[in-house]
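As written, the chains take the letters A, B, C and D, and residue 1 is the first residue of each chain.
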Amino acid sequence: MTAPAPDAPLFHGVIPPVLSPFLDDSPRIDTETLARHADRLIRADVDALFVLGSSAETAFLSRENRRIVIETVREAAAGRVPITAGVIDMSTPLVLDHVRDALDAGAQGLVATAPFYVRTHPAEIAEHFRRIHRAAPELSLFAYNIPVSVHTVLDPAMLIELAREGTLRGIKDSGGNDGYLRTLIEMRAEAGLRPEEFSILTGSETTVDFAYLAGADGVVPGLGNVDPLSYVELHRLLREGRWAEGAELQRRINQLFRIVTVGSPARMGGSSAGLGSFKEALHHLGVFPSALMAPPHVALNEEEKAAIAEIVDAAQVREVPEVSEP
Amino acid sequence: MTAPAPDAPLFHGVIPPVLSPFLDDSPRIDTETLARHADRLIRADVDALFVLGSSAETAFLSRENRRIVIETVREAAAGRVPITAGVIDMSTPLVLDHVRDALDAGAQGLVATAPFYVRTHPAEIAEHFRRIHRAAPELSLFAYNIPVSVHTVLDPAMLIELAREGTLRGIKDSGGNDGYLRTLIEMRAEAGLRPEEFSILTGSETTVDFAYLAGADGVVPGLGNVDPLSYVELHRLLREGRWAEGAELQRRINQLFRIVTVGSPARMGGSSAGLGSFKEALHHLGVFPSALMAPPHVALNEEEKAAIAEIVDAAQVREVPEVSEP
Amino acid sequence: MTAPAPDAPLFHGVIPPVLSPFLDDSPRIDTETLARHADRLIRADVDALFVLGSSAETAFLSRENRRIVIETVREAAAGRVPITAGVIDMSTPLVLDHVRDALDAGAQGLVATAPFYVRTHPAEIAEHFRRIHRAAPELSLFAYNIPVSVHTVLDPAMLIELAREGTLRGIKDSGGNDGYLRTLIEMRAEAGLRPEEFSILTGSETTVDFAYLAGADGVVPGLGNVDPLSYVELHRLLREGRWAEGAELQRRINQLFRIVTVGSPARMGGSSAGLGSFKEALHHLGVFPSALMAPPHVALNEEEKAAIAEIVDAAQVREVPEVSEP
Amino acid sequence: MTAPAPDAPLFHGVIPPVLSPFLDDSPRIDTETLARHADRLIRADVDALFVLGSSAETAFLSRENRRIVIETVREAAAGRVPITAGVIDMSTPLVLDHVRDALDAGAQGLVATAPFYVRTHPAEIAEHFRRIHRAAPELSLFAYNIPVSVHTVLDPAMLIELAREGTLRGIKDSGGNDGYLRTLIEMRAEAGLRPEEFSILTGSETTVDFAYLAGADGVVPGLGNVDPLSYVELHRLLREGRWAEGAELQRRINQLFRIVTVGSPARMGGSSAGLGSFKEALHHLGVFPSALMAPPHVALNEEEKAAIAEIVDAAQVREVPEVSEP
C-alpha cells in the first residue's frame, strides 16, 4: 500500500464549492467573474475552496473548461487558501485524466465519487480510490458521498479502511443523512484516527450545527457562494461551543436557503431550481453578471427571479469587506 | 423544429453492440482485434453495428479512444453495413462534443441517453435530444433507455412527440420491461408513424421473441458478440412468423446467456460479471486474445473462466463462415 | 419437510382476480353482485377464480369481509371451477389467521406474498411460505410476486427450491418483468419439475402472448373482470400455437386496458385510477350497480367516467352468454 | 372540518415505543412481563408510553393481541403517564377498526402511518388521516413517518395543513433524515403553530441531540426500552441547553446502540437483528424472561447473544430505582 502524504494540506472549516459563471451556454467560463468571486469568498475568510464540485456544473464541463476553472481560481487565490478540485466522471480511466489535469493546474486536493453509470461492487469502488491516490499521492484525496447523483452510498467501513491505509484524507458527505455522518465520526474515533488524518466534512448546508455537534471538521456549503460571511460566523460560533447561538444563526441561514424551492418543479428539475437560484441570487447581489446555466438546464422566469430577490433581500446578506477579515 | 432527415440510414434487424477489446488497462484499444471482430459480425450477416454502447465500456473511454473505435469499425465495415455510435455522457455539452467526434469519424447514427449524474426534468431531457439532433441533423438519432445506468425511464409520450417532430429516428430500449416496449409500439401506431420513421429496438437479448411478437424492428444483443449467427437466425425465424421455432431457439440462446451469472457477486459488480463473461467467451472462442477490461472492473478467476468455457462449449456456438452468408 | 399434496387442485389457464363490489364504503360487500359477477366469469369459461387478490381491495377488507367474499364466490361457483384465495397481510401470524379462515370458507388454493412493512431476509421469506404450507397442506399454495406493493422481488432460486420440496405449487408473477418469468420457466425445466408440479402464472394482462410463448401456464388478468371472453379466447389461440392471431387479439385487448390511464394522476394514485376504471367499466356494462371503492380511494369524476365508457364502447366487449360456452 | 380537541393530552419528551414480550410464537403476549416492563419505564421517569409501534412487532399482532397490549400497559401505568397507541395497518378501513379498539382499550393518543401495500396519492393520504381523526376526535392523532416500512415520505406541507385544521396533533418521524425534521420545525414556526398545538418527535435514537438543537419536542427511542434512564437524562441535559454534555451522552448511548449490528445480515433481516438485540439485551438485564420474537423472525445465535451481552455490560446500563425518580 502507498504511504500517506503527511504534508498534504488539510481541508477543514468552511470550504465553499465554487460556482462556475458562464459567458455563453457552450458553456464558456467567465474567468473574470470567477476570479472576482473566488477573491470575494477568500476575503470572507473561508478556509479553502472546492472547485469543480456538483454545484460547479462540472458534469457539463469539458477537460479544457475544467482546467480553466482550476487555473483561474488558483491564480485568484494566490496561495491565500488551499484549493481542492473535483474529478467527477464515470470511471477510473476518465477520472485519472482529470487527476492529471488537476495536478498540472495546481490543485492541492482531489474530491472523487464512486464510479457511476456502470454498476460497481464495493471492492471495485475501493480499487477506484486506490488507483486515484497512486496517481497523485501528493494530493489530499477526499471521497465524495453523493447518492442522489451516483446512486451508491459509500460504505463507512470501507472509508475507514481507506483512511487507515493512507488512501483517503477525508470525506465530503452530501448524503443528507446526519446519522451516517455521526457513525463515520464514531468509527474514526474507534479506529484511532485523528481529524488531521481523516477530515469529515458535511455537504448539508442546513444542518451544519448538527454535524459540528457530532464532531465534524467542516462544511462545504453551496449556499456559501451567496452568503459566505454567515457560514464563517456559523463555523466560529460552533467551534466555540456556542451551540444555541449557532442553531439560531443556522435557522436564519435556512430562511435564505428557501431560494432553492422557488423554481417550479412543473417546469424544471432539482438542479435547475437549486443552481439557478444560487446563480440568480449572486446576480441579484451584483456578484455575477448573469445567471446563465449550461444546457439542458431551464432558466428561472421573471416571477421566480423576483421571488428569489425578495428572499435574498429579506435575509440581509452582509457585503464582504474589501479586505479580508482579521 | 428541424426537418427530419428522410435519407438518414435506417437501423433495424440485428445490430450487435460491439465490444471493445483492449491491449492494456489504460485502456488502449486493440484495433486489430476490433477490426477482425467487426468483420466477423458482418460476415455473420448482421444488419448494422452499434459501437460505443454500454457493453463497449464507453464509460471508460476518452474522446480519443472513442474516435479510434468508430474509425476502426468504420474502416473494417467498408460500407457493408451502417454504423451507429453511442454518445454516452453526463450532459448536453459533453454529449455534443462526442456528436462532433462521431460525425468526423464517419458514424451514420447516434445513440444518446438522458443526462445523468444531474437531476433532470422531462422537459430538459427533450431539450437535450433536440440539441443533439440540431448538431447533426444528417445522422439518425436514437434514444437509449437504460434506467439501470441512467436512473431515469424515458417517457413514452415524449419519445413519440420527438419522433413526430423528426428529432428521433428510433429507440434502443434496455429497460428490461417488455410491457414498456409494447406500449411504445402501440403508441407509434396510434401516432400514425411507420417503422421506417421511428424504429423500435430491444436491448433485452433473452426476450427477442417477445419483442418481435409485439412488433419490434430489431435487437441490440450484447450476447450477439459471442454468437451472432444465432441472433441472425432468430431474427429470420421471427420475421417469417415461425414463432414456436423462434421461442425454441431463444431458449437455447438463453442457455448460453447463463455465462453472465458465473462471476461471483461476492467479489464483483454486475458489469464485471456480465462484460467479463462476454470477453472471456470471445477469448475462449479464439476471437479475442484476452478478456482484459478497464479498471476498476474485477477479472474472472480461473474457476469462473472454466465454468464459462463449459457453458460456451455446451452451446456449440457455430463458427462464422469466412465469406458472408447469402 | 412436508410431503406435497398431489391431489391438490391445479391452477392454470385463465384465472381472473375477482373484484369486490361494495354496498358502502365501510366497506360492506355487495354479495348479490359478487355472486352474479362470479357466475358471469364462470359462464365465460374461465378455468378458476382468484378471490382476495390485490385488485379485490383485499388490503381494505377485515377478516369477516374476507370470509364473506370467499363464501359468496364458493357458493356461486358451486364446484364448477376451483377457487383460490389471497391471504395478503404483513406477517406470518396474521397470514396464518387468514389461512385458517380460507380453509374454513372452502377455498382450494392460497396465494401469499412475502411479509411486508417489516424488513425480511430471503431465509425468513422461505420460512414464511413453509409455515403457511404446514398450516394447510391440503391447499395449493402459490407465491405472489408483486414488488410494487411488497417492495421485495421473490428470488427465483428460492421459489424453485420451495417447489421441489413441495411447499409451493405455483407462482403468480405481477412483477412486470417478462424476463423474470422466462427465467423461472427455464429454471423449472432444469430442476426437472413439470407444469403440473409447479404452475407459473403471469399477472401482466397486456403481455399474455409473451408469457405463453415462453411457456407460462396461465394468466391472472385484472382486466378479465371486464372482458373475460377475450382472455378465454386469447388463451385458446395461444395454446393452439396461433401466435400471430394471439398477438393481434392482445393488441385489441390492450386498447381496452387504456381505461387504467384515464384517472388523473394529479388527483389520485395508481390504485384509484386502475381499480376505479375496472369498476367503472363494469358499472357501464351493467354488471356492477356502482363503482364504489374503499377509502381513501378517490372516485373518478364525470369526465373520466365518460372517457372510460367511450373506450369500453369502442372495444365492443362481447356479452357473456347465459349458458357456459361449450 | 372537525374542531381540534384542545384538551387532548400532549405527547412530548421521552416516549419509549414499548416492546411486546411473548410467551410463544403464535405469538401470545406475556402480559406479566409487559406490565413490569411498562412500570420500569415509568419509574425511569419517561413522559409517556407508545404501545404498538413498529418495534412492538405490531405487524405480527392480531386485533385481540393489540387490545391486550393496550389494556395491559394502561393498567400498569395507572394514570401515571399518558399512553398512545399505534394503529398500523394497510388501509383506512382496517386502521379504523384499530382506532375503535384503541379507544375502547383506553389509549389517549393514536399514531398512524400512510396506507401501504396500496399505492396512494398525497390527497388520499390526507383523507386517510382526516377519517381517522373524525373517528376519534378526542384522541391526539400523530402521523408516523417511516419510509423504510411504508415506502412513502409524508409531505411536510400536507402535515402542516393537517395540523392547522386540527386533524394532527403531532408527528413521529422515523425517516432518518434530520434535515426533514428541521424543515418541519421551521414550517411549524412559519405557520404560527405552537409546540403545544403540533408536537414534533424524532424516532432516530442516535441523533436526539440534533433534533433538540433544531427545536424538536421529544424522542421515541426504541433503545429506551433497554436504557430508559440515559434517555431521560439526555432529554434533561438538552432541555437545559447543555449541548456539549448532551452530545457526549449521546455518543455513549450510541455505543450501546451497536447491539443492533450484531445479528448477521447473512442470516437475517434488519428487523430480526434490531428487535432481536433489544429483546436479547432486556433478557440479559433480567427484564424479559426470553427474547422470543414472532415468526418469521430469525433468532440470534449463542455467539451473537454473547456479543450483545458484552456491549450491554460495557455500557453499564444503570438499574432503574424501585421508586420513580423525583
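Criterion: contacts are C-beta pairs under 8 Å (C-beta built on N, C-alpha and C of every residue); 3 or more make two chains touch, one makes a residue touch a chain.
Just so you know, these numbers come straight off a predicted model, no measurement behind them.
Chemist: In this assembly, which chains make contact with subunit A and also with subunit D?
Modeler: none
Chemist: From subunit B, count the fewest steps through touching chains until subunit D is reached.
Modeler: Graph distance in the chain contact network comes out at 2.
Chemist: How many angstrom between the C-alpha centroids of subunit C and subunit B?
Modeler: Going by mean C-alpha positions, subunit B sits 36 Å from subunit C.
Chemist: Taking each chain's centre as its mean C-alpha position, how far apart are subunit A and subunit C in Å?
Modeler: 51
Chemist: Make each chain a node and each touching pair an edge, then name the shape: line, ring, star, complete, other.
Modeler: ring
Chemist: Which of the chains are touching one another, listed as pairs?
Modeler: Here the touching chain pairs work out to A-B, A-D, B-C, C-D.
Chemist: Across the complex, what residues on subunit D touch subunit C?
Modeler: Residues of subunit D touching subunit C: 26-27, 54, 59-62, 88, 90-94, 97, 115-121, 123-125, 127-128, 131, 148-151, 265, 267-272, 294-298.
Chemist: For subunit A, which residues count as touching subunit D in their complex?
Modeler: Per the touch definition, subunit A meets subunit D at residues 176-179, 182-183, 186, 204, 206-207, 209-210, 213-215, 241, 243-244, 247, 251, 254.
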